[in-house]
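Both complexes below contain subunit A, partnered by subunit B and then by subunit C.
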Partner chain A sequence: MTTPPSPLSTRVPLWRDVRVLRVVGQVLAVAVAFLVLRWLLGNLTSNLDRLNLGLDFGFLSRPTQFQVPYHSTFNPRAPVADMVLVGIKNTFLAGFSGIVIALTVGLMVGVSRLSQNWLVARLATVFVEFFRNIPPLVIIIFFAAAVFTFGPFPNLREAILVSAPGSSSNLVILSNDQWGIPGFAGGSPLFTGLIGLGLILAAAGWLWRTRLNERTGRPHHRLAWFLGILIASVIISYLALGRPVSMSWPAQSENRRLIVGGFALNWGFMSVTAGLGLYTASHVAEIIRGSILAVPKGQNEASTALALSGFQRYRFVVLPQALRIAIPPIINQCLNLVKNTSLGTAVAYAEIAALTQTSIGNGRPALQSLIVMMAVYLMFSLSISLLLNLVNQRFQLVTR
Partner chain B sequence: MKTTRLLAVLTALMLVLAACTTGGDTTTTSGSEEPAGEETTTTAGGDEPTTTAGAPEPSGEGLLETVQARGNVLCGVNDVLPGFGVVNEDGTFSGFDVDLCRAVAAGVLGDPEAVEFVPLVADARFTALQSGEIDVLIRNTTWTATRDGQEGATFLFTTFYDGQGMMVPASTGFTTLEDLADANICVLSGTTTELNLTAVFGARGIPFNPQVFADNEQLRPAYESGQCEAWTSDASQLAALKATIEAEGGEEQFIMAEIISKEPLGPAVRDGDSSWAQAVEWSIMATVQAWEFGLDSTNIGSYSGTDPNVLNFLGTDGFDPGLGLATDFAITIIESVGNYQEMYERNIVPIGLQLEGSPNDLWTNGGLMYVPPYR
Partner chain C sequence: MTATTTPPLVKRLTGIGWVRSNLFPNVWSSILTILLLPVLLYSGYRAGLFLLVNAEWEAVERNLTLFMQGTFPRDQQWRLVAQLPLFALALGAGLGTASSSAQDRAIEAGLPHERTSPIGIVRRFWSVIGFVLVLLYFASTANPWFVVLGSVLAFLLGFQIRGLPARFRLYGWSLMSLLLVAGFQVVSGTTGRAWLVTAIVVGIGAWTLTGSERIVPGWRTWALKTGAVIVTSVLVFLLYSVITDPGVGWDKWSGLHLTLWVSALAIILSFPFGLIMALARRSGLPALRLLATTYIELIRGVPLIALLFMGQYVALFFLPAGSSLSSISRAIAVFTLFTAAYVAEIVRGGLQSLPPGQTEAGQALGLTPPSVIRLIVLPQALRAVIPAMVGQFISLFKDTSLLSILAIFEFFNVRSLVHGQPDFRVVAHAETLVFVAVGYWAVAFAMSRESQRLEGRLRVGAA
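Presenting the complex of A and B:
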């Protein structure tokens, strides 16, 4: 009979020991990546040296030297960093408005597509299929061309003035270049601070009513309390500060080339927001439809057995479960929308990508400008995903 | 299983070693045939680029040798500007700058068709030049200090003296810049036009609102629909556009008399390669020199006079100043693209600009075209 092998001879040799190979493999992978990166950076620095171009960010403090569209208060001698801030503001405005449009329209269309009404369902399908299958750039350019450049509106000098009934001021000003809508004038930091305080009080009220409901079972009416506290605090601070804010109506300037007062929306902003809002809405509609269909059919049947109406079924049973599924893809669509605002270059909208392109064309260092632009988009994406992930966590199922 | 894993590790190791040894330098074929005049070129014309330590230098091989070995010139041009650079329906390029590219190819390589045209938008032209995507940029580009410095370009002989102007529809009746206070003005992104517009209007205290587009195809509908009240660009571009718009049945246009800036347009090459720069420059200047001598594409091949300056220029006696060009490069250039006057009359006169009386006339006629002697 053979003797069992001695302990020493059962040790696996190093070159085929799985644990050793794992570590060696990972170390080698890191080494390869590091060397490739070093080679690329070496290429970059040697080429920049050959052309006498630097890799510093000093250009951010030098004058911009060109005027930013639709910002008559922007001084061309301001440093490039100010131009970047203008770009961030414009990207934020387009992104925020686009997300609002996309989520509201998307929710409505998504639910409509599941409606029992044949016409409503078919119209929603047409909407989704039309906007989903066309590239966003084409949609934006189409909007700009159809509504503004070749559209029915006249030039700003002969703009259509829609007056508020019974008064001499304008409600809206329509032209193919800018639209004027009513806005607010005045306002002070104190007023804004008091409104913020009101928001906090309203949130506290929301939490109090929820706790009350959990403890005693009384209906919480927390939404009513939230809105009630908020509106009351706004009215009280408005009256207490002596009406600091008033409505401002849009009007044409002396030479009829500007809109003074109110809020002026330019055609680039409107094309980007509407185009991207509707494009992303079609995607959001599909996400919501899919997530509603993913709720188990038994839930619908159980709700009907409990005599819940259609609206109650959606509101209390289906949508809470559906939203849990829908939120991560919706976060994705919001990020896509913010990044797609870079298509504003096609309609002369001065968001960060267009301004970066202009400044590179005017002699700013290309690599550094692009790094700044990427950092801006990264900041937007990270903030949005952070915020919405907090919402997502609140909705998640708590399982073991 | 285990052997494949080992093989994978070995392959990765070999790739790493390969990446290390090739380093960052990717220049040209070594051992290529070089014309006999090469030695004099690199010592006489070449200078060391001003670099810091650690930059791998191509040993003695400049762009001139690279282009001659490669056999064609990569030329950055415009493809949507009538008169200077356009793409025709059959895919060929034509225009004043395009003809200059052909002149460079004829001078450097002896073949006017040994050119690859790279159409570029204004924003991308200097990054293309810096990265080596093109050898020379002949794309109605203005010579400025920032472009010489920060953009790493070297500008050569100015081939077209231009200025910036303003165009409005004739029906508006505007005649001066002050009429455009607070107006929307269409302008191309990444051009000196944009900067000049801001500077001039700022200096005069006239507020305005720029509408910035990437190229003329996007700009023109905005201008024609009235979203912009004025269009600013080089006066030569405005002349071409006015002709095009009116020919296509659009509104009548009016170009204001006021010229806002100096726009010397010329070819540009990368910093740090003087021998290539000089070869390009002398090829282009040959077109003006031929015009001054009264030689054009019809009579340059049959010159029978005895003027020693002309004989040097034509290389009849084998005169070679050591630029790395063939001795009869001038004949090749003029026979293929013509002299400066012929190129101008072929491309620019049709868009409405005359040569006589403009700054682009010969110095003997009161213009600014003055080339150094070929001696």
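Presenting the complex of A and C:
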């Protein structure tokens, strides 16, 4: 500036005014994002027009046209929407069983890594370093090959039948293709609803006992209450509805090509759950070990000074503090596991990613199919994130 | 209190004493030991029996080249042979430069500095070196030995840069990046895309190398920097109009070579993108924040396979008609976009851990917002998240195995080529699987050890 203005009337030039810059920056960013999106969508519509393809979701009500593997009751003429539901169910099943394996094994290995016993600690370390550094896909293929394709089991026609002594029904059926385990048969929506109600009641009981304990300091026994209410409601509704369910034992079909009765596990499911379960367990173990080590040493020493026993020290002092650190990353690992079930594609397990891929191969519109698939995964992710936020609120240390 | 503390006495146990206190300290522990020992010995025996006696390694031995370079044209093999020593040289130069800055920092802080010695490197990267030795063991000709020997010598040569004074250190880094680009181009050739890559790398190099010592550069410095970038770009362009070499584009790469390159490219490309996303998500501008948050959460909510399918089946719909991108290019783009979202979240963690006083102090010094970010926020925030970032890159490296689902023949999927051969259709599946798993394990393990080491050295992570 050539003429120095008087200090009082100094005005920041427009291009250095933070307020102006903020608005300009945002408008620019939105404009760029908008232009890029418009370019992409413009390309999309012109390409789809050129190829005579639509952008509608009508394919969901058209027939699936292929047999979903290991779902002999699935009718290929059922609409694609039904196939998506089967995929969601299988993704959920694999995710849930994988999480159960990952948490149990992870907890055991994580605690073992801190064991006094040299052998146990070393073994746990080897487990963690082994599974953590191999791609989950390789682990899944390894299970598929080592246990099933090239494993010790005969094919389904000559399956190994294990039955309890003195009974004619099978406990387990083992083959290189499917395993049969006992399951439940029958059941009615009313029965399921009643069990759900019992679960809600049991949870309410848990909360009530917790509140009571917090208010009066009386022992809560909330686990006993929870299980008691749940078991009581199951027994009452079972008897009241006239025994709606019965045990169902696995058996081979007439031509020995299928497993009827019980619950059939196919090799893809078992490879995915075992592989992902152990892979995620190695991560969970590291988290648990880290969070136990993160509890300050003084806490341990203080509880020893208070004459708490080893168990009490863990139960009332160390674990509550360690879990506060451990739970958020563990839930993240569970989320990763659910997303990783998409690796079922590699072992022909009928989860949503594999079914979507087959469906696209069968001529369903790729873009819409993938949008449906991503929506399914987003649904899973968002519900787990919601859980994470709730847990975070509950466990957050209240300071100031 | 300034009481002098003496470290507690540690009793070194040997022999029986060690066994008693580590294997049989109490009843439960003893029972565990007694139960575990036979199981362990038996499984060790079975594993050893398989690896050393029963396994038929012929499938690996005969297809070693296939595992390493896949279906890379055999008459162009010299390109790969030339690439390795160039990379070793680059790695040596990079480590040498890094070690001289570490030395400076240690001297500044008055701490003893552990010098990076070749033996230390062998100890740190024993898993990778072991894997290379396994590869050499399987080699049927002497050529791989020469390549490895040449690479080791090149590495040691590059490492001689160690002890570089601080004002030349930028040249050390730019030497490393130029060697990396050269190694890339020996294989990929010097036309089209390669021109762009080089121009960007050299441009960034010229930008950082020219400049003043002043913290807030004036317009002269900016003019100098811009001029340097223009001059170097023109030079690169002229160079490329003279040297044109068709090369072998990455559409024809496969095997371990492809796996390593996909990981490296996705790491390099995702970092700046993730950094921008993290800054946008933390910025005070709501529109930017919303855009970045949407992107990050959308990408993180879906599995990588879903995005790879997107890249494979529908990405071309979003590009102008007639444009073609090979499936490997699309996969690299997907890996980059995917990793960027995770890098953004990691960097955001680092930014959040920074006390607000740092930014305020910078503002009080009269620095402009970009200078505050560049000089005060980022150096501290990035330092804190290096270990987490390495962890993300490890998982990226492992995730490249998903390319096999798209029928791209990266390291893992070479197995399907091997087992397509009439000799190995039903045999040796376990052997090839073990071989591939060991390969992934060696690299990922070395990287995770490095990240733990960094964590300890930078004293970040668990406080």
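Here is the rule we go by: the second predicted complex is superposed on the first by the 389 of 400 C-alpha atoms of A that agree within 3 Å, B and C clash if a C-alpha of one lies under 4 Å from a C-alpha of the other, contacts with A are read in each partner's own complex, and residues count from 1 in each chain.
Criterion: a contact is a pair of C-beta atoms (placed from the backbone, for glycine too) under 8 Å apart; a residue touches a chain by one contact, two chains touch by 3 or more.
Bear in mind that the values here come from a model prediction, so they are computed numbers and not experimental data.
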{"item": "Fit or clash between subunit C and subunit B when superposed on subunit A", "value": "fit"}
{"item": "Touching partner for A:226 - first (subunit B), second (subunit C), both, neither", "value": "neither"}
{"item": "Which of subunit B and subunit C A:148 touches, first, second, both or neither", "value": "first"}
{"item": "Touched partner set for A:26, first subunit B, second subunit C, both or neither", "value": "second"}
{"item": "Partner chain in contact with A:249 - subunit B first, subunit C second, else both or neither", "value": "neither"}
{"item": "Partner chain(s) touched by A:366 [first = subunit B, second = subunit C, both, neither]", "value": "both"}
{"item": "Touched partner set for A:117, first subunit B, second subunit C, both or neither", "value": "second"}
{"item": "Touched partner set for A:49, first subunit B, second subunit C, both or neither", "value": "first"}
{"item": "Touching partner for A:138 - first (subunit B), second (subunit C), both, neither", "value": "second"}
{"item": "First, second, both or neither for A:345, with subunit B first and subunit C second", "value": "both"}
{"item": "Least C-alpha distance (whole Å) that remains between subunit C and subunit B when both complexes are overlaid", "value": "5"}
{"item": "Common interface residues of subunit A - those touching subunit B in one complex and subunit C in the other", "value": "25, 29, 43, 46-47, 50, 145, 149-150, 345-346, 357, 360, 366"}
{"item": "Contact set on subunit C toward subunit A in their complex", "value": "22-23, 25, 29, 32-33, 36-37, 40, 280, 284-288, 291, 298, 300-306, 309-310, 313-314, 316-321, 394, 398-399, 401-402, 404-405, 412, 429-430, 433, 436-437, 440-441, 444-445, 448, 462"}
{"item": "Partner subunit A, residues of subunit B touching it in the complex", "value": "2, 5-6, 9, 12-13, 15-16, 19-20, 23-25, 49-52, 54-56, 122-124, 126-127, 130-131, 146-147, 150-152, 181-184, 189-191, 194-195, 197-199, 201-202, 207-214, 218, 221-222, 225-227, 229, 270-272"}
{"item": "Residues of subunit A touching subunit C in the complex", "value": "22, 25-27, 29-30, 33, 40-41, 43-44, 46-48, 50, 115-120, 123, 129-130, 132-138, 141-142, 145-146, 149-150, 290, 293-294, 339-340, 342-343, 345-346, 353, 356-357, 360, 366-367, 370, 373-374, 377-378, 381-382"}
{"item": "Touching residues on subunit A, where the partner in the complex is subunit B", "value": "15-16, 21, 24-25, 28-29, 31-32, 35-36, 39, 42-43, 45-47, 49-53, 65-67, 69-70, 72, 76, 145, 148-150, 154-156, 176-177, 253, 255, 257-258, 267, 345-346, 348, 350, 354, 357-358, 360-363, 365-366"}
